[in-house]
Every structure is written in structure tokens, then in C-alpha cells.
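Paired with chain B in one complex and with chain C in the other, chain A is shared by the two complexes that follow.
The block that comes next holds the complex of A and B.
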């Protein structure tokens, strides 16, 4: 399982900060504990955010809607890949999940989720590779490669319109807390956290960009992004924002990013799955 | 009369050398360089969050600096330097990057920025 050796260190640091604060010797104002992070109140309502989004980007989104989403082609390719027999067992995804993925309808709305087999958070991207390896005897696909994204897109599209419903109960809880801790951790030379931009200052303009409300972050990826000129995953977005504050981006699907994906997807609970997304 | 003119020049020159130059060196700022630092994306990138003169698409995360500077005078030089160096001293949960502490800007560049910001009050 991919680890970034980051989580443990971070949880340790936070725990030490809590200890130091607890004994009154805290040298820095770290959050009290992993679970005791003071969350910001979301600065802007979803409706108000959408209004501002249209005001700022309306001209472009209109054009985008007309021209259609380039990621639709990738989705079609994903459908073909789903039926393609690969690996030593002579199977395709469709062999187990139905010719048109019938058995996977609605499933993606519950992802990511805790999985005892990996003692951690399972994402759709990870699950696709686990199926290939364990059930098909096929090579794992490189994260962010065309085929990998195409399959993820197709499987998620089988849940389009289904309200997101991820669980953070029981064994998932510590991973959710770790995701939250990462979301609130200051990082990079610019010393910013995800939360400060997407919660505390959401709805503000940072140069020509409208800072988005994090409620909608996890419902529409993979998606096409004009600035990339291609389709990418939610975790590619994580890496982009890491780099923006001059922090070190983490490897795709490492444990910390999967915890973060759980945290963000939980924020989107109740919203319909809507892939592929289309963003500036 | 020629000598006295020379003397005046010399006196002025000396006065400049002794008093003005060291002050300039101590204050250390160059407003023109400061403007470059403020406007350069890889350096200050201040317009990402603040309204500053002449930049298109400024952000609105922080206060308008043209307005805010009206509350600052020559006497606040050190305070300004500290805010840019590390705003956390004034607001522990600020979003503003600690330009000095995290070595995003050098001490000289921060002095230049301070000089530039103070100069905003002078030109009208």
C-alpha cells in the first residue's frame, strides 16, 4: 500500500503540540489535538458561491457548456476498457460487475471508504487497481494515466445523480481526522493551509481566481480542466494546490491523500455525483 | 568668489556624505525596487491579495494597500517591516505569508517594499 510516511510524522507532531500546550509549555500555537482542531466556519454559502462563480466566469462557462466536455470522450473509452479482457484470469471488469456495470450502480457514491483488508481508506482509483491485480491478474495502471482515469471516470459515472454518502463512523473516523488535520495544517514556504483558502477566505478573489467553497470539491472529479488542457483527478488538484503554496506534493494515492479525499468527500455528502467535471 | 562656491559645494557634499547617506543606508530602501518586488509573481505577488497601484485583477483577501497606507507614516517604518516579515506577530492565524521568516524575500527586498509603500502617501 502506498504510504507517504507523512501521516505518522504529522499526527505525532500534532500530538506533541497538544502535549506541550497541555502542560502549559507550548512554544507554538498548534491545534489542541488531532480531533480537537478548531474548524473554520464556511465563509460563503453554496448558493452565494455559485452566484459569484457565474459573475466571475460566466462568459467562459457559457462557451464551455456549448462546446461540450472533452472528458466525455475519455468516459466512452473507459466504457470500452471496462469490457476488455486482460490478465491471467481471462476476465474483464464486466465479467464480475455486469456487461454495463449494472452491479456498480450507486457504488461510487459511498467511496472513499474504510477497508479492513488494507487497514485504511480505499478510493475508487485504488480499488480499480486492486481488482486488476487480485481478480484479473492484470498489471496495475499508473495513477493519472489515460486508462486509469478513463476507468475511474466510467465507474463513477455509473453513480451520476446518486447523492454522495460516505461514512466516517467507526474505524473510518481516525482517517477522517487525519485528513482534517492535513487540511488544516499550514504548509509550504507560503505557510497556508487548504482550509484557510477554501473555508476561511472562500468566496474571495485571490488575483483573478475565485476561491471555491470546499463543499463542492469532491463531487465532479475526474474532470477536464482548461488550465491543464486535459482531464485529471481530484488528487492532481491536491498536488497543484500543494505546489502553489510551495509545499511538497505527495504521491498519488498515498495514505495521506486518501485520508484527505475522505475528508473532502464527506464535505460533499448529499450532493449528487457529477462526473466528468469541467473547470477553468 | 570661486573658492567660496567650492566651499559651499564641499560643505553640502560633506553634509550629504555624513548625514544623509548613512540615513539612506540605514533606512536602506529603494522604492523603485520595492515596486518590482511587490508586482513580481515569484517575489511579493502582493496583488494576489491586496489592491496595489497599477495591477490588473487584484485580489480582495487582504485590505486595499493604497487605502491602508494612509494610516501609516514614516514613524511606522519598523512596524511595516515586521508585518511584511511575519504578520503572525500581529495575527497568529493570518493568511499573509511570512515573507521574512520563510525567506521568500530578503531583508533588503523587504526594506525596498517598505520604502515603496511609504512613498504611496507622497505621490498624489
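The block that comes next holds the complex of A and C.
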């Protein structure tokens, strides 16, 4: 967490410095470059990217997500957990949010979002744990444990089909910029940033795999991944990517990963929520 | 993870004589017996090696599987729905586990 805090501080300072510099240039500064980061452009056109993506993966992942997704078993368990009474107040999730979670329909499409109570970005996983602690008096679930993923999966699946609408206005803006700064920061022994692969070289091959662009990265987690052989969250995927460039992975739900999740989910704005996902 | 949970999908409305897709999913680790843990110990082989599909009293499909099949295997095949009968899928693994589930096919 210390490292995480340090990074955040550094990134915020950078962002503030850039803001100060930006105002000096007057009204001509583009809003996209507030944090002083020069954004990459995809090397190939969108049509070419779609063509290459379909040639490699086709409709396979989409079909499997609907028809043969092993995460469906977890979804059923999540539904049972939603109705299970736990904690000191004798409540379950269903006692406040409706028997089948009617009141939560569409809520997950607005997450992650800024929360003044924690002075930071609130993700769905964090919100579930906070709700358990504050309103149910139940112990927090360990991140990436089976129960935690199952509950998150079920709550998110209530918003299936609702377009993602993440706001970065107002107080969320500096956290979005911090997430973006992390996305563009070169790190690890290989000295790569997320953006090099997933923005600039999206559509090119990295050994035997096709690099995907970041538009569809955040709309279908938690999901089943063939390589893991089990269901995991987006932040588990972040850790995997960090390890691949030989950087040190950060802990789950730390400040930096939550900002990064906000940045990536904003890229997916307008796409429908589709959980559980299925990835190669 | 509970081993041997099965989900079978068939279309909700089936016409008599129609050829319908059937999809089945089972949870199983499908250990190859070639993998080692971090301590260097071999993880023993544990996989489904025999799948039978029954439609009524007839055995309509049989699969001999090896360790080359992925974890949580998914099978899909086509079925000519010409009678009202249960469709039963039976999985057997190399440690003697038997997992089965059936769905009723009611063509109209």
C-alpha cells in the first residue's frame, strides 16, 4: 500500500503541475491533455482492427459467454449468497435491495464512481464490502475469494444490458487523470506501459496473441478466463499484466488500481454491461 | 469449486422431429498429471475419460476423453428430437467419480 500511496502522490503532483502549466497557455489547451500526457493513436484503423480481431477470435468468446460459461455456476451461488442472512443486524442483501435485487438494476453501470466518504473512487467490490461492514455488521469478504467474486458477479449481472455510464466530472476528474497517468506510465524490467500494447499496437501480434484495444476491456468482469481455468476480476487481470512486463503487482482494490479501473471503464462508456464474461 | 456440477442447455420450445443443438458444461479440474506444484511435486492425473449420452433408452453419443481436454469441459452436439424422453449425460472420471444429469425433452 505504501508504494501505491507514493505512486498516487507522484501522479497527483504531476497532474497538478500540468494543470498549472495548462492554465498559462490560455484557452487553447485541449481538455484531453490536462494531465500533460500525450495520448497515443492506434497504429491501424478501426476497420482494420475489427477485421484482424474477427479473423483471430471471431464470435467465439461472445458465443461461449452466453452458451458455455463456467462462471454461470458462480452466478447461481452468488444469488444464494445475496439472500443469505449474515452479520449482527440479522439482514441479508435482499432485505434492503429487494428479493431478487430489483432495486439494484442498472446500478453497476455507474460504477466505479467518486465517493466523498472515502475521498476516492468506489468500485463495486469495495462497495459490497463497505455495505456488509456498515449495514449488515458482517465480516468483509477477502478480495478474489470465491464468495466475494460470486456476490460481485450477481450484483453486476443485475445490470446486464444497461449501457455503462461512468462520470468523470467534478471531483472524479483528478482520479481519472491519475488512472490515465498510470496507464501511460512505463514500468517493469521491460519498460512498457499499458497504453503501448493496448492503444498504440492494438491489432498487432504479440508472439501468438493478438493485442486487443482498450475499448472492450472493462465491460465484462468478473469473468471466466481460459488461461486461469477459473473466474477472476479485472484487478486480477491488472496484476497479471503487471507481472508480464516484470513490474511489481499492486494489492487488490488499492488506490491506483481503483483509479485505473475508472479510466478503463470510462473507455467502455456506452457499451452494455455483460457479465459473466468469457475470455481466452 | 464443487466438482461435477452440470448444466445442460436445450431450446425451450422444440418441434417434433426438429434437429436441436444441445450444450452441456461440467465443472472438473481435468488435471493432466504432467503439471508440477512449486515444490516440484507432480499433481496426480484427474480427468474425465468417459462421456455417455442417453436419449430415452438409447445411447446416442459416446466420447473417450484424455487429459488433453480443458478444465470445465464443454460439449455441444445436435439431437433429432423425435420422442418425449429424458436426455441424460453421464460423465465418469479416472478416480471413479460419476456425475450425471438429465433434462426432459418434450417435442410438440
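Annotations for the structure displayed:
Here is the rule we use: the second predicted complex is superposed on the first by the 228 of 280 C-alpha atoms of A that agree within 3 Å, B and C clash if a C-alpha of one lies under 4 Å from a C-alpha of the other, contacts with A are read in each partner's own complex, and residues count from 1 in each chain.
Criterion: a residue touches a chain if its C-beta (ideal position, glycine included) is under 8 Å from a C-beta of that chain, and two chains touch if they have at least 3 such contacts.
Computed from a predicted model, the values in this text were never measured in an experiment.
Steric overlap between chain B and chain C is absent once the structures are superposed on chain A; the two fit side by side. Once chain A of one complex is fitted onto chain A of the other, the partner contacts of A:47 are absent, as it touches neither chain B nor chain C. In the superposed model, A:63 makes contact with neither chain B nor chain C. By the touch criterion stated above, A:229 is placed in contact with chain C alone, chain B being left untouched.
In the superposed pair of complexes, A:72 makes contact with chain C only, with no contact to chain B.
In the overlay built on the shared chain, the residue A:88 is in contact with neither chain B nor chain C. Residue contacts after overlaying the shared chain place A:192 against chain B, while chain C stays out of touching range. Taking every C-alpha of chain B against every C-alpha of chain C after the fit on chain A, the minimum distance is 18 Å.
Overlap of the chain B and chain C interfaces on chain A comprises no residues. Taken together, the chain C residues at the contact with chain A in this complex read 1-2, 5, 7, 9, 23, 25, 27, 29, 70-72, 74, 76.
Chain A meets chain B in the complex at residues 29, 189-192, 196-197, 200-201, 204-208, 211. By the touch criterion given at the top, residues 45, 47-49, 57-61, 92-93, 95, 97-98, 102-104 of chain B touch chain A in their complex. Residues of chain A touching chain C in their complex: 64, 67-70, 72-73, 146, 224, 226, 229-230.
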